[in-house]
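Presented sequentially are two complexes of subunit A, the first with subunit B as partner and the second with subunit C.
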Partner chain A sequence: MNIQKQLTTIQTAAILTSSIIGVGVLPLPLFAARAAGSAGPLITAGGAAAGFLGVFILIFLGRRFQNQSIIQYSPRVIGKPIAFAGSMLIILFFAVLTSLAAREFGTVVVTSVLRKTPLEVTVIVMLLLAAKQARKDIRIFAYTHLLYLPFILAPGLIIVILSLKNAEWLYLQPIWGTEWKRMGTGVLTVAALFQGSFIIGFLIPYMRRPERSVTAGFWGVSIAACLYLLIVIAAIGVFGAEEIKNLLWPTLELAKTTSLPANILERLDAAFIAVWVAAVFTTLYVSYFLTILAMSQLFRLKDHKALSFAILPVIFVIAMLPQSVAQLYEVIEWVGRFGLLITIAYPAFLLLVASIRRAKGESNSNAPAR
Partner chain B sequence: MAKRPNTEQNRVNSNSQSTFGQKNEQLEKQNVQTALQENERILEEVLGSSYDFVIRRFTVFDQHAAFLVYLSNMVEIEGLNEDVLRPLFATRQLGSVTSPEQVMHALQYQVLYHANCQLDTGMLRIVHEILQGKCAVFVDGMQEAFLIGVRQVQRRAVEQPPTEQVIQGPREGFIESLDRNIGLIRYRVQTPDFQTDIIHVGKITKSKVAVCYIQGIANDELIKEVKQRLSEIDIDAVLDVGYLEQLIEDHPYSPFPQVQNTERPDKAVANMVEGRVTILMDGSPFALIVPTVFSQFYQTAEDYSSRFLQASFVRLARVVALVFSLVFPSLYVAILSYNPELIPTQFAVAVAGGRAGVPFPSFVEVLIMEVSMEVLREATIRLPQQVGGALSIVGVLVIGQAAVSAGFASPITVVVIALTTIGSFATPAYNAAFALRMLRFPMIALAGMFGLYGVMIGLIIIANHVLSLKSFGVSYMSPASPGNFQGMKDLVFRLPFWSMKYRPSILHASNYKRTSNTGTQMKHSHHHTLDPMKMKNQNEGAADEYPEATDDHTDGSHSN
Partner chain C sequence: MHPLVRRWVLLCIGIVMLLTLTSCWDRREIEERAVVLAISIDKATDEEVRAKEEISHLINEFPPPETGFIKLTAQIAVPGRIPLGPSEGGGASSPSMEPVWILSAIGYTVDDALVTLQQELADRLFYGHLRIIVISEEIAKDGLDNINDYFRRNPQIRRLTWLVVSEGMAADLINASPELERVPALYLLATMDHAVELGKFPNEFLGKFWTKISNLGSDGFLPYIKVKDEENIQLAGLAYFQGDKMIGKTNPIEIGVLMAIVGVPSGGYSVLTPYPDESHPVLFRTTHRQTNITTEIKNGRPEFTIDVALEGSIDEKLKEGIIQFDRQSTVQAFQEEVEQRAKKTYEKFIAKMQQEESDIFGFGEYIRAKHPSYWRQSVHSSDHWRSIFKDAKMNIQVTVKVRLVGMKAN
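Moving on, here comes the complex of A and B:
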């Protein structure tokens, strides 16, 4: 194994944050409000907790096998056939996740800004961006996410801050919801938005100091979770839960109602979508990269470069399968909740088996002694 | 040269019919002959066809025939007369010296007092030295020739560098002469650690390229790599460091320059002290600096010579200008043709009013204006200076004004284009500004097709490209992108010197620390020397009178 240990803690945290913040932010207040009304922030916090759980399970697993990714160590834990099936599921799931994210954002763009542009164009443009950059190595992967991070966090924060002056705090009460079952589904739906952070299972072997992956995981997920929470609070505070249930992308509506001070820009929705391209790109980049990296590791290819454009047609076709926006969101919610089995339950199972069997990676002789 | 036998190849080189390099091959194994005529014949054959080739025959010690050869356009004739021929002619008074060994000894140790004088046996090297402006003295019976440096080539005076002007800072710029340029650097780094390694590049031009660095700071692998890349260059002529830049850069197809060039010796020195390597070439007033990261292109030498707040402010303005020059026209096109609802209503009305008579969509309008701006700019550079100044004013004022009143462009478009152009002028590095100038056009096209979404796609493509660039293994966006916080102190803001304690870590300098102390000492080493309280303690009696007198005076004047 000749892995260059080069990722710093900050880079890892940045990758995690930008993998989570993506197109999911746009319908997020809707998911939260539909599940529990004014208790939306609580649902979001619950989803974030599930996200934390998933990341920490992967980190504890990764710490056991510091020189291997989840694809590589799973056969040692549960045996080859089951591990192969699990890895195939991971690859399939992230391929589908990539397609759905590209499709979702393509739909947003076509519906709200470029009404005359065909959906196919916006989808393929986003996929091409991700595919092109996914050919690069893990170092550039990390650099890219670090550079984009401020441009991802800033627009969300700006919109939250500017819209809070229109917020009505009464809309956020009661903070506790009532219907347990629907709240549970809501938590799962929101938790599904954190699935990009599964990439941590592939990053630990590349980290310069794997022992600090807990720090990286904590900060990476926290920053994203805070932004999620703020956006949900702002959206519910401005519109009220009942109104949000009638909006498809409440975050976008939030941008529409806010204007920059001194009237520099009257509405922010088009600008927000434009800036959000960066956030969507990084999310797509993570899931695309994860898909081809997992494939190359599963089939023991030398590197992942050639796979990048090879799987592009497949991803594009999957992206175009849903027939309408309504169907798209049905699929997204369903796939997301199903994905939790892969991104949380499967690693949890691996961790359980590994700790029972006391399976561990080879002694970390080539881990840096710093 | 008809008598030369080797004529089967018809490639005509200058006025002889021989193949290129044949002369070199002939000379390769030749040594200086004891027979004087033989030497003369060889030189005559090789260089004789040049009109400025001169052979001056004379005798030394009254009996030994000798001759002097030089190229009359390359040497200083006065120095040749005074410092070479005069002592040689004076040998007739020294009496007779018979054996060739004695002649050589006498000439070397008693007669030729010129500081730059050496002996050589190889004919090829002698010819090359003559071509470089030395003169050679051959004496009958000797197996060596004297090579004396009396070279004089035309060179201009050291002037202020026209491409990198500063308000505060040294005014000297590099000139074409390599010797003078190295002198300018050495004058600033008076340390034996400053090294210059010479490599000859170019099959015909054999240009002298100097790799300069500071030993013990620059990374050894980097120095090795630079020399390696330079020595691998296989090209006939190198006339400027620009040739070298293209041949050693990592990504030739990228619009972004990966090598920095400068005309300023102080900038070259500053970069060497940080751990970079500078490449100078004889005949070029520019120095190349490697490795280069993007942030260097908006930094100037002045950022360090002026106070840090001032420097940071100006640098911030430059970054804004850089971004402007890339995205401003495309943003304008995108907002106007796709999202006019973004801009405030009153302004939108004004814009629409201005565009009322314009027949084209804003995309075409901006594109036409941008192209004509590029043409104007190129014309201003190529025209003689006296006319150039007039043209730029004529171009901007008259054409812009005329275009607006003819209903060809809206006034706001003209403003946008003007701001963009000025923005691109504010970037200190011409080649980096050029990259963004070029990329402006695809950006405008994307804006015309996809609006703001397209602008963002364009920016992402550019950012992704830039992120994957490397200059000698250093990531192009560092220190921003690997997240190096030490390096970020000199990114957009230039922090005070005491906070920049280390050299840029991306360069892996052998000597990492800039200062030996902890840095805080640099800040707090001041004593309030002239504090009145202290002064009073030192010389109480004398200090009292003078201030009191002035106090009285001012009090008196106020009361009047």
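Moving on, here comes the complex of A and C:
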């Protein structure tokens, strides 16, 4: 059997789920409540729908070119110059996304738990970890994500279940919002949290059975979307939409309001952050891996390993650029919305052109071109 | 890369990670922390203000605050003296063995006072175990904006902390040292926690209070507590708010009324019911409550139907003779009496809160949730909701079921 074609469907789904669930979960209820108040879950569902759309566009594209990644097949669809620009944008965008995720997590840790630790240290530690692991090949990449998946899902679910006893269902009504413009922006902000799933555009050539990528995509995104929805429902139910607008990281606040039964642990925020490191790590790992894999494919390098530590200084510097938390979130919202052009609109454009020009990859399925 | 070089690089990275991941910056030994168990906030007197040192700002830099300076008192646990098990007796009486240390400071704001306090203290103040914050009635009447802001911002504060309003000086309340417990803050905490367990108070911790005052359709309430003669602590009613300002207080039995109207399931209040006449009271104790609130908009005015179902038992009667609780018909007749009286009490209480324009029941949230189009068109702010609430029509229905009569046959 071909050594390169070995990603199973479950592994692919796990990678997708853990690429989506990351540090963005912490401010998620705030984004949702700001956009639509009690209709926050609706916003989240809208964002998830956009996430599904992005993933499925990439899957349909990927199945036309089963042996190539989006970087490799785009020149055949739209010509070299435009494809080069597109690929550069992808690389740049995911480099910035990695930086911002590391910075966001660093900020949370420094604000809430390790108050005397320099921000730079928390950021560089996460980045070093991602950089080191990103040197590995796709096999280790898949194993790592499958291994960490339970540690990502469990803390979120535990907090949701334990906090529901304080929830007030009245706060979740009305479930429909009315201010369409604000809600639209909110959907885009939430959709931006699903962008890690762009990795599917690189995974299909490695899949053992690429025809099952739809199943993998569906489950991968669904699991993440369900967790998102549950967290937003729990946060709005417990705090009410108006109070959430006062909280920077409502999910963390939810952990603070939750105690394990029988006073085993009276607050879960520190424990939550400790476990949440895994979720943040896997998200960083995905975007870091994606950045260097795309670079190596675009510049036709032998492999991506050498790039890993080479781009670390750049990523770190970008992470340090925003001055304050306020600026950080302004940047995150703008970059996120701009990113939708890259992660949804660009593949949609490719798919459109490809279907008009009837462009397809070779049908023989040997080793994927690197 | 040469394998050996690579190995060295990896080793170096490993060492760096080992050193940084232990988070030594934030290492803080437990005995170096000043663990704050309780905080009380009072108004400072004039003499106390004059004696204030210039710590966070120079005295003449700001005009004095409109509502006056605050005096913050913190109860700090002394390491090694907090009794872990049942009190061993003896030692507690000597003053040097006090398990807590009580310090106070004057400040412009909460944090200003805490900074001042830290200036006088060797160890770093730690709020992770802060379980109870007591504010005096005066402070509560001036508004809690500053207090809410500081405690929301500080990541160490738990949302499950109790915030209580005290009659008189708040500092007296956290200093009160009853015989049952050596740590005053823990006694106060037990008072509140057990009140919830006994069905004497809804589980309204700090986080819930914040939610209620943030909501557009509800007002907050807090436990109102006073110190009695024997340094014991009495849950003396509810302090009800309008926005962040306390505007009044109720008597203790009205806590039970509120709990019935909002439908807190565990009941713990007993009421004397004259039956069959004034000189023959019977004590009825509520054990379970269930409330169903429905809303309607009629002629552009919200109308509420509050359906309260109580279950309870007969605890005692004052005199033998006239009635005997050994027939369902007697029990039934008594039930009806309780129903009627309860209905009147609830109506009176709701009318009182409508008069005060403080929607501590959260009726506005029902309208916001169930009638969104009415809410959008007619209600523009929480102030506006209060004026609508004032004139809202309330229909109350009470059903009482007596299940048990104790171990006496009549």
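By our rule, the second predicted complex is superposed on the first by the 361 of 370 C-alpha atoms of A that agree within 3 Å, B and C clash if a C-alpha of one lies under 4 Å from a C-alpha of the other, contacts with A are read in each partner's own complex, and residues count from 1 in each chain.
The rule is simple: a contact is a pair of C-beta atoms (placed from the backbone, for glycine too) under 8 Å apart; a residue touches a chain by one contact, two chains touch by 3 or more.
Treat the numbers as computed from the prediction; the structure is a model and nothing was measured.
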Contacts of A:Tyr143 with subunit B and subunit C, given as first, second, both or neither: first
Partner chain(s) touched by A:Gln11 [first = subunit B, second = subunit C, both, neither]: first
Which superposed partner A:Gln133 touches (first subunit B, second subunit C, both, neither): first
Partner chain(s) touched by A:Leu114 [first = subunit B, second = subunit C, both, neither]: both
Touched partner set for A:Val125, first subunit B, second subunit C, both or neither: both
Touched partner set for A:Val275, first subunit B, second subunit C, both or neither: first
First, second, both or neither for A:Ser355, with subunit B first and subunit C second: neither
Subunit B versus subunit C as contact partner of A:Ser222, first or second or both or neither: neither
Overlap of subunit C and subunit B interfaces on subunit A (superposed complexes): 113-114, 117, 125, 129, 132, 266-267
Contact footprint of subunit C on subunit A as seen in their complex: 38, 111-118, 121, 124-125, 128-129, 132, 166, 170-174, 176, 178, 238-240, 242-243, 245-247, 253, 256-257, 259, 266-267, 269
Residue numbers on subunit C that touch subunit A, as the complex places them: 10, 13, 16-17, 20-21, 23, 25-26, 152, 155, 158-160, 207-208, 210-211, 214-216, 362, 365-366, 368-370, 372, 376
Residue numbers on subunit A that touch subunit B, as the complex places them: 8, 10-11, 14, 109, 113-114, 117, 122, 125, 129, 132-133, 136, 139-140, 142-144, 146-148, 263-268, 270-271, 273-275, 277-278, 281
Contacting residues of subunit B [partner subunit A, same complex]: 338-339, 341-345, 450-453, 455-457, 460-461, 463-464, 467-468, 475, 477, 480-483
